[in-house]
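Shared between the two complexes below is chain A, which pairs with chain B and chain C, respectively.
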Partner chain A sequence: MNAVVLIDTLLLLLVTATAVAIIEVRSLYASAILTGIYSLLMALVWVNMHSMDVSFTEAAVGGGISTILLIGTLVHVGREEKPIKKRLHVPALIFTALTGAALIYGTLDMPRFGDPAAPIHHYRVPEMMAQTVGFVNGTPGKQKPPEGFDLDRYRRFDGRVTGPIPDDPKDTAWREKSILQTEGLMVPQVRAAHEPHAEEGHHLHPPDDFNGHVPNSVTSLLAAYRGYDTMFETTVIFTAGISLILLLRRPRREGYLQPGAALSDQVILRVVTKLSIPFILIFGFYVITHGELGPGGGFQGGVVLATAFILYALIFGRAALYRVVPPPVSDILTGVGVLIYSGTGAACMLLGGKFLDYSMLNPAVPGDGESLGMTLVEYGVGLTVSMVMLTIFNQLAEERST
Partner chain B sequence: MTGALGIYNYWIYVLLMMIGLYGVIAKPNLIKQAIALGLFQTGIFLYYISMAVVDGGTAPVWTTILDGAQKYEGPYDNPLPHVLILTAIVVSVSVLAVALALIINIKRAYGTIEYDEIEAMDQADKRADYQRGQVTDAADDVEHRQEGHHHA
Partner chain C sequence: MLDAFEIVPNLPVLVVTVPLIGGVLTIVMGRGKGPWAWATLITGLVFYFTVLLMQQVLAAKTGTISYELGNWPRQWGIEYRVDALNAFILLTVAGVGFVTTLYAQKSVEKEIPQDRHNFFYAVWILAICGLLGITVTGDAFNVYVLLEISSLTVYALIAMGKDMNRQALTASLRYLILGSVGASFILLGIGYLMMVTGTLNMEDMHDRLAALPDAVHNRTVLVAFAFLLVGLGMKMALFPLHMWLPKAYTYAPSAVSALLSATATKVGIYMAFRFLFTIFGVGFSFVAMPANVVLSVAACTGILVTGVTAVRQTNLKRMLAYSSVGQLGYIVAGFSLANVNGVAGSVVHIFNHAVMKGGMFMAAGAIMYRLGRCDLRAVRGLGKRMPLTMAAFVAGGLGLVGFPLTAGFISKWYLVQGALEAPHMWPVAAVVLVGSLLAVAYTWRVVEAAYFQEPEGDSALVTEAPLSMVLPMWILIGASVYFGVSATFTGDISMRAAKSLLGGAP
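This part shows the complex of A and B:
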C-alpha cells in the first residue's frame, strides 16, 4: 500500500465522519461550520486524485461561499434545530441501507480504482482530446491533409475524420492499412480510440503535435468540446441569480438596503481586510486568465473575485459595498457575462466557422485563436459567476421589511 | 491495490450518498435537508473523480508545451470527469442558494422551518376552512361548493 492510497483512505474516513456529524449535530450553526470543514477535506481528496481544477472550485465554493450563505440564512431562520424525540429514524435507516446495499452490489463489477484499461479511458475520450490536433476533425483552418487524401472516406457520421469505416465490423485489417497510420498522422489518442480493448499498461498520452493547443486539457474540454454545456451551466447560474432577486429583493421604492450591523469598529479586521482585498482580486483575475495554462478558470476565478466583495461587505457593511457595486450594476454585469460567452460563439459563426469554433478567431494560427476564444469565454463565465455570487450574498443577507 | 481496496472509493461514495439521503428523509429541519442534499451531491462527485484516476497518472495538464525541452509521455488522468464535476459544484451552490431563499420565505410565511410543523399548520388551515365551508384548495373547491348547495 503506497502513501497516496493511505492518505486517500484516511481522508475519506475523515470525510465520512464529518458527514455523519453534519447530519446528527443539533445546532444548525455547528452544522454550517462543519460543512465548510467537510468541503476543505473534500478539496484535499480531489488534490490527492490529481483533480486540481475541481479542488480549486470545491475550496472556493464549498469552503468559502456556501458556508457564508448558510450562516447568512441562519440569521433569519434561527440557529437551533427543534429537538426530535426519536434520534434514529428507523424507516429511513432501513430504506437507505437497502439502497446502499444495492449500489454497493453495483460497484462489485466496477473496474478497480486506477485501472488504466477501464472503458472510461478508452471510449470517445481519446478522440475528444485529439479533436483540435492535426486534421482529425476535418475542420478548415487546421492542418491540411496531404495530397490525394480522400477525406470523405475517413469521415464519420458526426463529421469528424478518424479512420476508414470498414464494411465488415469484424475486419480489423484496415487499421494497419490506414493512411493516417502509415503516414504517421494519427495522434496517439486516435490510435487508442481505434483499439478500444487496450492492453494493460496502456494510458492516455499527450498529443504529438500541439499546434499551439491549450495545455490545460480540463479547460480545453470545458470551453471547446463541452462548450455548449458550459454555456448553459453559466445560464443556470445566471438563472439562480435572477431567482434570488425575484424571491428576496425589496421593492426599489423602499431602497435596496436596510441599515445592518457592520464589524467596522474592529481596527485589526478593517486594516487586514483593506490589505488583502487587492491581492484577492489580483489572484481572482490570475486564476481566470491562467485557466488555459494550468489549473483554474472562470468558475474558480469568479468565486474568488466574489469573495473579495463579500469580505468587504462583511467588514464595512453592505451600504459600503453598494457604493462600490450598486445592485443595478451587478444585475447588468450578470447578464453581460452570459452575453460575452454566447457573443464569442456568435463571432465565430460570423467569421465563417461553427458556433464556438474558436480557431476562426485567428485562422492563420488556429492555436492562437483557440487561446483567445477560451480566454474570452472564461472571462464571461467569471463575470457571471462572481456577480451572481455577490447577488446571492446580498439577497440572503438582506432583511426584507414586509 | 487489489480486491476490496480496489473499489474502496466506490464504497465511500455510496456511504456519503446514503448519509445525505438519510438526512433528507429523517430530518424535518429544512436547512438540514438542504445541507444533506449537498452531501448527496458530493458523493456523486467522488464517484466521478474516482473513475478518472489512472495508476501513476498526474493532473491532465500537458506540461510539454510549457517546458518545451523535456517531454512527459504520460500517463495522465482522464480530464473529462473533472470538467463535469467542476461545473456541477458551481451549479450545486446555486441550487443551495435558491433553496435557502425559499426557506427564508417559508420562515416568513409560517414562522417555522420544521417540515412536520409546516405540514401540521397546513392541515389545521384546511380543517378550519372546511368547517367554515370555504375551501381555498382549487381541486376541492367545486366539489365542496356543490356539497354546500345540497345542504342549503
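This part shows the complex of A and C:
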C-alpha cells in the first residue's frame, strides 16, 4: 500500500466520522464548527489528488467563510437543536441506501483514478495541453521552441482559418493557405495542436500558454475555455446575495442598523485586527491576480477579501463597517462584478468576435488579449464574491424586524 | 467599435446575455415603476430575439444554428446549438415571460413590499435568463450551471408569497431541499457521463456513447442514466416526485405562479428530451432501457391521481397546481411513446399547456388581487362581477379538457394517435381520455360556482380586474384558442422537432 492510499484512507475515515458527528450532535454551534472541519479535511483530500485549486476553494469557502456564515445564522435560530424523538424513517433509509448502493455500483466501470488511458485524459486534453503548456521561453518543464522558430512572429499571427476545411483529412490544401503556413510557422507541434478541431472561421489560438501569462491550466479552463460557465457561476453568487436581501432585509423605514454587539473594548483584539486587515486584503488581491500562475483566482481571492471586512465588523461593530461600505454601495458593487465579467464578454462581441472571445481585446497579439480578458473577469468574480459574502454576513447579523 | 457587430449571428447568445446584464442592472432602477418598466423592456427585447432566432432556424439549411462561445472549438468550450425544438421552447418561455411581466405590475405592487421591487424584478429577470440558458445550450454542464440560476431564483420568488402563516417560506424551503436533491442527481449523472466519454458537449457525448463498446452494460453509464432520470423527474415534477409543486404554486405570488407553471417545469421536460433523446439516444433510452415503461406508468398514474386530487381542492391555485402535475403527465406520456406523433404531441403540449395554464393562473391571480383569496367560495357569482376573468378561466379550462377548437385538443389528438400507433400502449390513450373527464370535473366546479351560485360577502361588490391584468391574461388565453383553431405553425414545428429528436442527435 503506497503512501497516497494510506493517507487517503485515513482522511476519508476522518471525513466519515465528522459527517456522522455533524448529524449526531445536538448543539448547532458544534455542528457548524464540525462542518468547517469537514471542509478542511476535504481540502486535504483534494491536495492528495493534486487538485490544488479545488483544495484552495474548499479551504477558503467551505472551511472559512461558510463556517462564519453558519455561525451567523445561529444568531437567529439559537444554539441548540430542538429535541426530537428519534425514530426510524423507513422510506428515507431505503432511499439513502439505494442511492449509496447505486453510487458504489457506478464506480465499478469507472476508469481507475489517474489512469492515463481514461477518456477524460486522452479525448480532448492532449490538444488542450499542447496549447496550454506549449513551448515558451524554454522554462524548465516546458518544451523549447523548435530550432529557428520565430516565436515573436508566431504570437502575432491571426490564427483564423479562412477557407472551408474539406471533409477528407488527407486534403491538406487549407493548411497551405493558412497564415501559419505562409508565415512559416506551421511546425509539427503547432499542427498537432490545431488539426483535430480545425473548422472554417475558427480561431486557432497560439499553442502556448497564452503567451506565457497563464500557465495554470485550471485557470485557462475556467476563465477561457469554459469562461461562460464561470460567468454564470458568478451570477449564481450574485443571485444568492440579492435573494437574501429580498427575503431578509429589514424594511427601509426601520433603518438598516440596530445597535449590535462589538468587541471594540478589547484592546488586544483591536490592535491585532488593525494589524492583520491590510495583510488579509493584500493576500486577497494577490490570490486573485496570481490565479493565472498558480492555485487561486477570483472566487478564493474574493472570499479572502470578504473575511477582512467581516473581521472588521466583528471587532468594531457593524456600524463601523457600514461607514466603510454602506449597504447601498455593497448592493451595487455585487452587480458591478457580474457586469465586469459579462461586459468583457460583450465587448469581445461588439468588437466583432464571439461572446467572450478575449483575443478580440488585442488583435495584434491575441495571446495577450486572452490574458487581459482573463485578468479582467477574475477581478469581476472577486468583486462580486467579496461583496456578496459581505451582504450575506450583514443580512444574517441584522436583527430581524418584528 | 460597433461596426463589426451584427445582431443576427449573435442571436443565440443575446437571448441569454441580454437578460443577464438587464437583470443585474435592474437593481439600480429606483423604487417606483422603474424596475417593472425595465423588466418589460428587457423581456420584450428577449422575446423579439427569440422570434428572430426562430426565423433563422426555419431558414437554416441544416435546421440547426451553432454558436461557439469564446470561439473555442465545441469540444473544448461551450456550444450553443439551436434547432426547431429549442427555438420553439425559447419562444414559449420568452413569450410567456414577457406577457407575465406585463401582468406582474399590479399584483407585485400589492404583494411585494415597495422598497424591494428592484431586487424582485432583478431575480425575476434572472429566473427567465436561467430558463432560457438551459434551453439554448448544447453543453451538458452548462445546463447544470444555468439550472442553478433558475432554481435559486425560483426558490426566492416563491418565498416572496404573502399570506398570514408565511406558508410560502415552508413551501419554498421544501422545494429548495427536494430541488437540490434533484439537481445533485443531475450533476452526478453528468459527471459520470463525462468520466466515461471525456466530453461535455451533448452531441459529442452522444457520438462517444455510441462508439463505446457495450454501453448498455457499462455500469457507470447505467447509474448515470438512472440518476438523470430521478433528477429530471424531480425537476419536471413527474409523479410521484411532484411533492414540492402544489404548495409552491399555491403560496407563491400570483405573477410568480403564472410564470412558473408556464415555464419552469417545461424547461425540466426539455432537459429530459435532451438527455434521453439527444445524449443517450432513442435506442439506449427506450429500447435497451425500460425508460418508456417507467415514464409512461409514472405519467399515467400521475394523471389519474392528481386529477382526482384536483377535483377535491377548494383553493383555485392549488387546484391548478395539481392539474399542472397531471398535464405534465400528458407531456411525459407523450414522449415516452418514442414515436413521431407521441413526441410531437408532447412538444406541442409544452406550448399549449404553457399558454393555457399561464392564463388560468393569471385569472386566479386577478381574483386574488380583487378579493385577497381565491377559493371556491370567493368565486361564487363572479361570472357576473368579473366576466372577463372568469371567461378566461373557463376558456383555459376547456383547453385542459381538450375541447375541440382549443389548443388542448390538438395536443391530445397527437397523443392519442401516438398511443394507438405504439405497440401495447393503448392504455395511455385510455388514460388521456379519463384524464380529460377529470378535467371536466374540476373545471365544472368552478363554472358552477361562478355562474350558477349567488355571490356572498365581498364577492358581491367586486369589479373586473384592472386592464393591465386582463389584457395579458387574454393574450395567453387568446393564443390557446388561436393555436387550437389554426395549429399549422405549432404542429409543423413540433413534428419537425419530434423527427429530429427521434433521428438521434439534433
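Note that in this section the second predicted complex is superposed on the first by the 307 of 402 C-alpha atoms of A that agree within 3 Å, B and C clash if a C-alpha of one lies under 4 Å from a C-alpha of the other, contacts with A are read in each partner's own complex, and residues count from 1 in each chain.
Basically, a contact is a pair of C-beta atoms (placed from the backbone, for glycine too) under 8 Å apart; a residue touches a chain by one contact, two chains touch by 3 or more.
The model shown is predicted, which means the values in this text are computed figures rather than measured ones.
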Which of chain B and chain C A:294 touches, first, second, both or neither: first
Which of chain B and chain C A:89 touches, first, second, both or neither: first
Contacts of A:23 with chain B and chain C, given as first, second, both or neither: first
First, second, both or neither for A:226, with chain B first and chain C second: both
First, second, both or neither for A:112, with chain B first and chain C second: first
When both partners are placed on the shared chain, which of chain B and chain C touches more of chain A: B
Partner chain in contact with A:349 - chain B first, chain C second, else both or neither: second
First (chain B), second (chain C), both or neither touched by A:247: both
Contacts of A:76 with chain B and chain C, given as first, second, both or neither: first
Touched partner set for A:120, first chain B, second chain C, both or neither: both
Footprint overlap on chain A, comparing chain B with chain C: 103, 107-108, 110, 118, 120-121, 125, 128, 203, 226, 229, 233, 236, 239-240, 243, 247
Footprint of chain A on chain B - complex, ascending: 1-2, 5-12, 14-23, 25-29, 31-32, 35-36, 38-39, 42, 45-46, 49-55, 57-66, 72-83, 85-87, 89-98, 100-105, 107-108, 112-114, 117
Touching residues on chain A, where the partner in the complex is chain C: 102-103, 105-111, 118-125, 127-128, 197, 199, 202-203, 224-229, 231-233, 235-236, 238-240, 242-243, 245-247, 249, 251-253, 331-332, 335, 338-339, 342-343, 345-346, 348-359
Contact set on chain A toward chain B in their complex: 1, 5, 8-9, 12, 15-16, 19-20, 22-23, 28, 31-32, 35, 38, 42, 45-46, 49-54, 57-58, 61-62, 65-66, 69-70, 72-74, 76-78, 81-82, 84, 89, 91-93, 95-97, 99-100, 103-104, 107-108, 110, 112-116, 118, 120-121, 125, 128-129, 203-207, 210, 213, 215-218, 221-222, 226, 229-230, 233, 236-237, 239-241, 243-244, 247-248, 293-295, 297, 299-300, 303, 385, 388-389, 392, 395-396, 400
Chain A contact footprint on chain C (complex, rising order): 1-2, 4-5, 10, 13, 17, 20-21, 24-25, 27-28, 67-73, 75-78, 113, 115-116, 119-120, 122-123, 126, 133, 141-142, 145-146, 148-149, 152-153, 155-156, 159-160, 188, 192, 194-199, 208, 218-224, 226-227
